[in-house]
Amino acid sequence: MLRTEQSTQQLFIEVRQRTQEICVPLKVEDYGMQPSLEVSPPKWHLAHTSWFFEEFILARSAGYKRFDDDFAYLFNSYYDGIGDRIPRPDRGLMYRPTVEEIYAYRAYVDRHMSNLLEDEFTEEMKSLLHLGLNHEQQHQELLLADIKYIYGNQPLYPSYGKLNHSMDSSANKNWLSIREGVYDIGYEGNSFSYDNEHNKHKVYLQSYEISDGLVSNAEYAEFIQNGGYEDFNLWHAEGWDWIKENNVKSPMYWHWNDRSWWSYELDGFKPINLQTAVMHISFYEAVAYANWKGLRLPTEFEWEVAADQFDWGDRWEWTNSAYLPYPGYRKSAGAIGEYNGKFMVNQMVLRGGSVATSRGHSRMTYRNFFHPHLRWQFTGLRLARDKK
Amino acid sequence: MLRTEQSTQQLFIEVRQRTQEICVPLKVEDYGMQPSLEVSPPKWHLAHTSWFFEEFILARSAGYKRFDDDFAYLFNSYYDGIGDRIPRPDRGLMYRPTVEEIYAYRAYVDRHMSNLLEDEFTEEMKSLLHLGLNHEQQHQELLLADIKYIYGNQPLYPSYGKLNHSMDSSANKNWLSIREGVYDIGYEGNSFSYDNEHNKHKVYLQSYEISDGLVSNAEYAEFIQNGGYEDFNLWHAEGWDWIKENNVKSPMYWHWNDRSWWSYELDGFKPINLQTAVMHISFYEAVAYANWKGLRLPTEFEWEVAADQFDWGDRWEWTNSAYLPYPGYRKSAGAIGEYNGKFMVNQMVLRGGSVATSRGHSRMTYRNFFHPHLRWQFTGLRLARDKK
Amino acid sequence: MLRTEQSTQQLFIEVRQRTQEICVPLKVEDYGMQPSLEVSPPKWHLAHTSWFFEEFILARSAGYKRFDDDFAYLFNSYYDGIGDRIPRPDRGLMYRPTVEEIYAYRAYVDRHMSNLLEDEFTEEMKSLLHLGLNHEQQHQELLLADIKYIYGNQPLYPSYGKLNHSMDSSANKNWLSIREGVYDIGYEGNSFSYDNEHNKHKVYLQSYEISDGLVSNAEYAEFIQNGGYEDFNLWHAEGWDWIKENNVKSPMYWHWNDRSWWSYELDGFKPINLQTAVMHISFYEAVAYANWKGLRLPTEFEWEVAADQFDWGDRWEWTNSAYLPYPGYRKSAGAIGEYNGKFMVNQMVLRGGSVATSRGHSRMTYRNFFHPHLRWQFTGLRLARDKK
Amino acid sequence: MLRTEQSTQQLFIEVRQRTQEICVPLKVEDYGMQPSLEVSPPKWHLAHTSWFFEEFILARSAGYKRFDDDFAYLFNSYYDGIGDRIPRPDRGLMYRPTVEEIYAYRAYVDRHMSNLLEDEFTEEMKSLLHLGLNHEQQHQELLLADIKYIYGNQPLYPSYGKLNHSMDSSANKNWLSIREGVYDIGYEGNSFSYDNEHNKHKVYLQSYEISDGLVSNAEYAEFIQNGGYEDFNLWHAEGWDWIKENNVKSPMYWHWNDRSWWSYELDGFKPINLQTAVMHISFYEAVAYANWKGLRLPTEFEWEVAADQFDWGDRWEWTNSAYLPYPGYRKSAGAIGEYNGKFMVNQMVLRGGSVATSRGHSRMTYRNFFHPHLRWQFTGLRLARDKK
C-alpha cells in the first residue's frame, strides 16, 4: 500500500528514483543480459516501466510528443491491445537503444509526468498513475530477481550488494488454529488494489491449522538429505518430470561445495544461512516438502484468514490455490484490462511478500502468481494441516 | 455408477467384453497407431486395462504366473511405484506383442480373474476390482476418443460406426437460478467413487445462474463467424498463444468445406449437425466463447449444486475450476495412490459425461480433468453468470 | 548389373517377386513401423516401388487407369516434379491402405506391366523399366536395413532369418600398391548404370596403398577397448559432437552383455562374430578408426582403380570422397532427373556392396551415398595409406 | 601473405592494432551481442585472439603469469586439446569480463609478447607467431561479418561505416578457356600457408571455361525476378528444404522496399548497388543461380588453375568442391593440429577473398570453408562450364 501522507508528486519521484537506485551497482554490460526466458534485461525494465506511463497517461494528454516512436514496439510487455511487440526471447538482443539513451528516456518521461502532475489531473489519470507506480514496484522486485539470476548464473559470481535482512525461521514454530466457518476474502477499501483482489466475497473453510513460521533452510536441507528429490511418491507427476528433465536436486542457487551447502546470494557466494527461510523453490518443491512432512500447503484463503496472526513478508509463499478469478471479477476496459485477467490459468497463487518487495507494495489480500516450475523469484513455503 | 443388482462376476464379464466390442470394427493395422502424444494405440488400451488386474490383483494372489514378464514394463501407464515403464511417446512403436497375443493376454487374465472371483474374495480385492472396472470404463471412453483421432486425422477418413445419439441443444435454453449460501460438495455413500471426490465438504457459493442446456454447434459457428478466433481480448494469454502456434480456427475435426462446416464423426465425414452440442473444444475455446457472450463458465461447485435441475451426460463440460484436492483428501497407500492425486496441478475440471462415456460410469460428483489445451475428448460447455 | 541372358519379362517378374519374398517373415503389425526418421515402413517400400512403375511407365501408356488416385500422394518419395507428397516423418502413420490393399496394388501394377511388356515397348520405356528394376533392388536392400532397425530396436528382438554369409575378414590382409598416374574413372558400356557414374573421365592419383581386406569386428573391438570413443583427437569435430550427443560408444546394434560384445543380427541377438567385417558404422567412426591406426580411408577413385585386385561386396565401404558430380554430369530431363543429382551435397560416397545387396545390382563404378552420421545400412571400412 | 619486409615486431603490432581499429565505432553494448549461433560477440573475438598468443606462446615461456586463469575456459574456441571451454551458444552471455577488462587483457598480452619478441625467439615460436597473426586476421574478417550481422538484424539499422570499395561486376564478362591436362595444386614456398594447402600435388582437369567476372547484383535480381526461389528443379534437395524452412527469398540483408531491392550495408540501409557483385548468398543459392543459367560453379581446382587470369578478392567464391584433405595432408601435432583438419566434412570450399579480408591475408592457394547454408560471410559466385 502506497503511503497516503505523501503528495502524489513526491510519491511519483520516490518510486521512480527507487528503480534507478536498484541499478546503481550495474555495469553497462549487465543491462542487456537475458540468460533465461523468464528473465528480462535490466534495461528493459527501466524502459518498460517508463513506457507504461508514456503509453497509458502521457500519450493521451494533449500535445505530448513521444520520446521515440519505436519504443512502443520495443518496450510493450504483453499488451496486445497496444499493437505489435518484440517477442520476449529477443529482449536480450536489444543492444540499442543504449543504456544512456534509456536513462534519457526515463528523464524525459519523468519531466513530462511532473509537468502533468502540476496541472489538473483527472480521476482516471490518477487511477492510472497509481497503477503505474504499483506496476513499477512490481518491476523493482523483478529487477532484483533478474539481477540475481544474471549474476548467480555467471561463473565469476559478481557481488551486487546486500538485500534486506531475512527473519529467523529456525525457532520453534507454532500451529495457529482456525475454526470452520464462513470468512470474508478479498479487498475492500479506498487504497490501491489490483482488480484480481475483487470482489470481496464469502468463502467457507473447514477447520485447519497453519504454522506461524516459514520452513527454514536447515529444515529443507534435511529433506534433501533424506532423499526428498529421489522419492517420486512425494511429487506431482509434472513436478517429477520437471526435476528429472532439469536435473533439479536442490533449490536454485544452491551448490554442494566441499561437504556443505553454499548458495549465491546477491552479496556473493557463501555458506547457506541455515536459520533463514528457504528461498527460490518451485511450487513442485514446496509441495514435495510438505508431503514429506505429512502436511500440506495452505490455500490462499486459509492464508489470508490467518495472516493477521503471523509475521509475513520474507518470502512469497506458495499456496495450493490455482490463480482464478474471484466471484464477480471484472477486468478493466481497454489494454489495462490485460494486466491480470488473461493470466488466470495454469498458475499458482503466492501470498505475502519478500525481502525484495518494495516497501508498502504488498498487503494481506495481495495475490501474486507464477507458473509452478518457476523459482527465480524469492519464493518459500509455510505449512498447514487439517484440524485433527 | 456400476449397477449393483448384478453379481460381481457378471459385471466383470460385461465390462471386459464391452472393451473388446469397441474394437470390433478395427483392422490389425489400426491397433498400433499413435498419431499424437496424447493418443494411445488401441492395442495398448486393451493390454493396459488387463495389466491393471494382473498387477494389482492377480500378481498378489497365491500361485499366479504372469502371462509374460515383459508386459509389466510395456503396459504400465504411469505408476512409478510399479517400476520402469515404456515412455508414452514410444507406445506407437509397440508392434510386438501382436494384436493376437494381446487378445490372448486378455483371455488369460479374464480366465484367472474368473477363477479368483469364484473363490473367496477379500474386501481389499473387491475394492481393487471395482477400481479396475471403473478404470477400464475410463479407457473405453479413451479408446473411442483415440480411434476418432486416428481415423479423423487420416486423409481417407475411414468410418468406424455410429456413437450414441446426442441430445438437441438448439432449443431455447433457460437460466436456472441458485441462491447464495453454503452447499455440500463431494461424494458420500456406499457405491463406487474415486478418491478425488472426497471428502464431502461445505462450499460457500454466491448467487449465480446456470444454463439448462449446452452451447450448440450453431451457436459456436456464430462465434467463429464473428471473428472469435481473431480477437485476443476474448482469450487467456496462453490460449491466444496456443491458437496462434497451432493455427487453431475451429473445434477439432471441423473443416470448412465448400461454404459450410463439415466435421469428421465416427461414422464419417459429413456436414455439421447444427442442433447438437459443440464438441472437441479446449478449455481456452470454451472460455473465449463465454467471454464473447459476456458470460462465464460455471465452477465445478456451481455445476454440482445445480446438476439435478438439468440434463447432463452429452459432453464433458469444462468448468472454470482447477483440479485441486478437496479438504481432507487422502491418497491411497501404494501404487494405487498414484491414480489421481499426482495430477492435481495445471489441469482443469470437467463435469458431466459424454456420448462416449460407458453406461453407469459417471455421476454428479464425478471429477474428470484434462490440460486446458486438449480437445480430443468429447468436450463441450455450459454457460453461467453472476446473479444480477 | 542385371543379367542379360534373361528376357525382360522374366527379369521383371524375378525382381518384383524378390521384394515380396523379403517380406514373407513379417507380421501385419510390422509393415507399418517407422521407429526412426531414416527408416521407412516396409509397406511403404512395397507400395513406393510399385508407384514408380505406375507413375513413370503405366500412367504414360494409353488407357491405363490408376489403382487409386490417392496413392500418388501417399507413395511419392521425393519427386517434387510429380506433385505433393506425404512428409517423410509421417510415413509411419499410414495404417491405411492396409497391407492387404498394398499387395493388391502390387498385383495390379504387375498385371498391367506384364501386359505392356508383351506389347511393343519403346526404347524410353525400356530404359525406364531398367531404372525401375534397379530402383526396386535398391529398395530391397533398404527393406532389409529397415527391418533390421525395426526388429533390432525392439526390446523383444524378434528374429527375421539369416542373411547372406559374410566373408572372413580376420586373416592377414595385404597392402596393394598403386602407382602414381592418370586413371579412368566412371562407367562406360551398354548395361545399366546410374547417371551419377558418368561421364567416364580421367583422374590423377598419387601413389597409394590399399588393403585387400575389410576391418574386422575383432579389430574394431580393439579400437573401442583402447579408448577410441574417448579420444577427440581421432574424430572430426562434427563426429565428436555426434557421438557425445547420441551417446555413441560402439557400432549400431552392439551391446555390452556380460563381459563381451553381442549384437542384434537379423537372425537374433548373439555374440559378435569376431571374424567378419565390422558393420553399421558411420563415416565418422570409420575415419576415427583409420586415424587411430595412423592410416586413412581411400578416396572413391583410389577404391575404383584398385577394386579388381580385391574381393568386395560384403560391406558398403565408406570412402573419403564427398558425393559430387563427375565432369560432364547431366541429370535427366523431368522428374527422373531428381533421382541422384539433387543429393550431391553433404553426403559421402560408399563403394562396393553388401551382404544385403541384391544379386547383380552393384558394380565397380557404382556410387552409393549417405550422410556421414547414418549407420543403419550395412556399412564397413577398408584402409588405405600414402605410398611411403 | 604477410609482407616480409617488415620486422616481425612491427608486423605483430600492426595486426594487433588493426583488430582494435575495427572496433572503434562500437558502443559498449554492442560488444556482447550474439544474435545467431554462428555469430560471436565482438568482445569474444578481441579476447580469443589474445588467448591464442597467451595459450600457444606465452604460457609456454618461462615465468609467464596468466592475466586471468578463468580466461582459458572463457576464450578457447574449439581446441579440445586445451581443456574445457564455454559452449558456443553461451558466448553472448559473457557480460563479464567487461569490455574494459578485455582491452586490459589485450594490452597485457601485447606487452608480454613484445618483451618476448625482443629476446631470442625459437623457430617454433616464430611459426606459432605467424599462425597467430594469420589467425587474428581471420578473426578480423569474422569481426566485420559479425558486426554486420549484429547491426543488420536490429530494427534501427545502426551505421558502422564504410567497407572497402567493391569492383564493378556489371561489365561484359569473358570466358577464359583452360585446356585438359595435369595441373599443380596447392602451396609450395617459404611464406606463411595453412596446413590445408598442402601437399602440393597433381590434379587432372577436363577442358573447361571460367568467367573472368563475378555475378552481379543486377544479374542475381533477375534470377529472383524470374522465380528462381520457386523452382525446385534448380535446387539441391537440402537447399530447397532450407529455403522453405527459413523462408529465404533473396540474399541475406536484402529487403524489398517500395518496389525495389534495398540492403543493409555496413554504412546503412540503402538501395542495392546493381553494379557490384552479389554478396551474402549460401552455397545452395550459388548453385541454384548457376543451374538457372544452365552453367555450374567451378571446382576449387579449376578456380586455382585459372586464378592468375582474372581479378579476385571481392567475394569469397563458392566452389563445387567439398572441403577435404589434399593427398599427403598431415595435421600438426598437439592442439594446433585442431586448426583445420577436424572440419573436413560437410563443408564447401570458397576461394578468393573479400572486401572484408585483411590486406595480404589471402592468396591463390588459400582454402576458406563454410557449411553450405551459411551466408553471413562476404560470399559470392563465379560461373564455369564444360568446354563445348
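Just so it is clear, A, B, C and D label the chains in written order, and each chain counts residues from 1 on its own.
The rule is short, and it goes like this: contacts are C-beta pairs under 8 Å (C-beta built on N, C-alpha and C of every residue); 3 or more make two chains touch, one makes a residue touch a chain.
Just so it is clear, the model here is predicted, and its values are computed rather than measured.
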item	value
Longest centre-to-centre distance from chain A, chain (CA-based)	C
Distance between chain centroids, defined by C-alpha means - chain A, chain B (Å)	36
Centroid distance [mean C-alpha coordinates] between chain C and chain A, Å	59
CA centroid of chain A to CA centroid of chain D, Å	47
Multi-chain contact sites of chain A, meaning residues that touch two or more partners	none
Graph class of chain-chain contacts, one of line, ring, star, complete, other	ring
Complex contacts: residues of chain C adjacent to chain B	27-33, 35, 70, 73, 92-93, 95-99, 150, 153-156, 158
Partner chain A, residues of chain B touching it in the complex	78, 80-81, 182, 201-204, 206, 208, 232-233, 235-240, 283-284, 320-322, 324-325, 327-328, 337-338, 342-346, 348, 372, 386
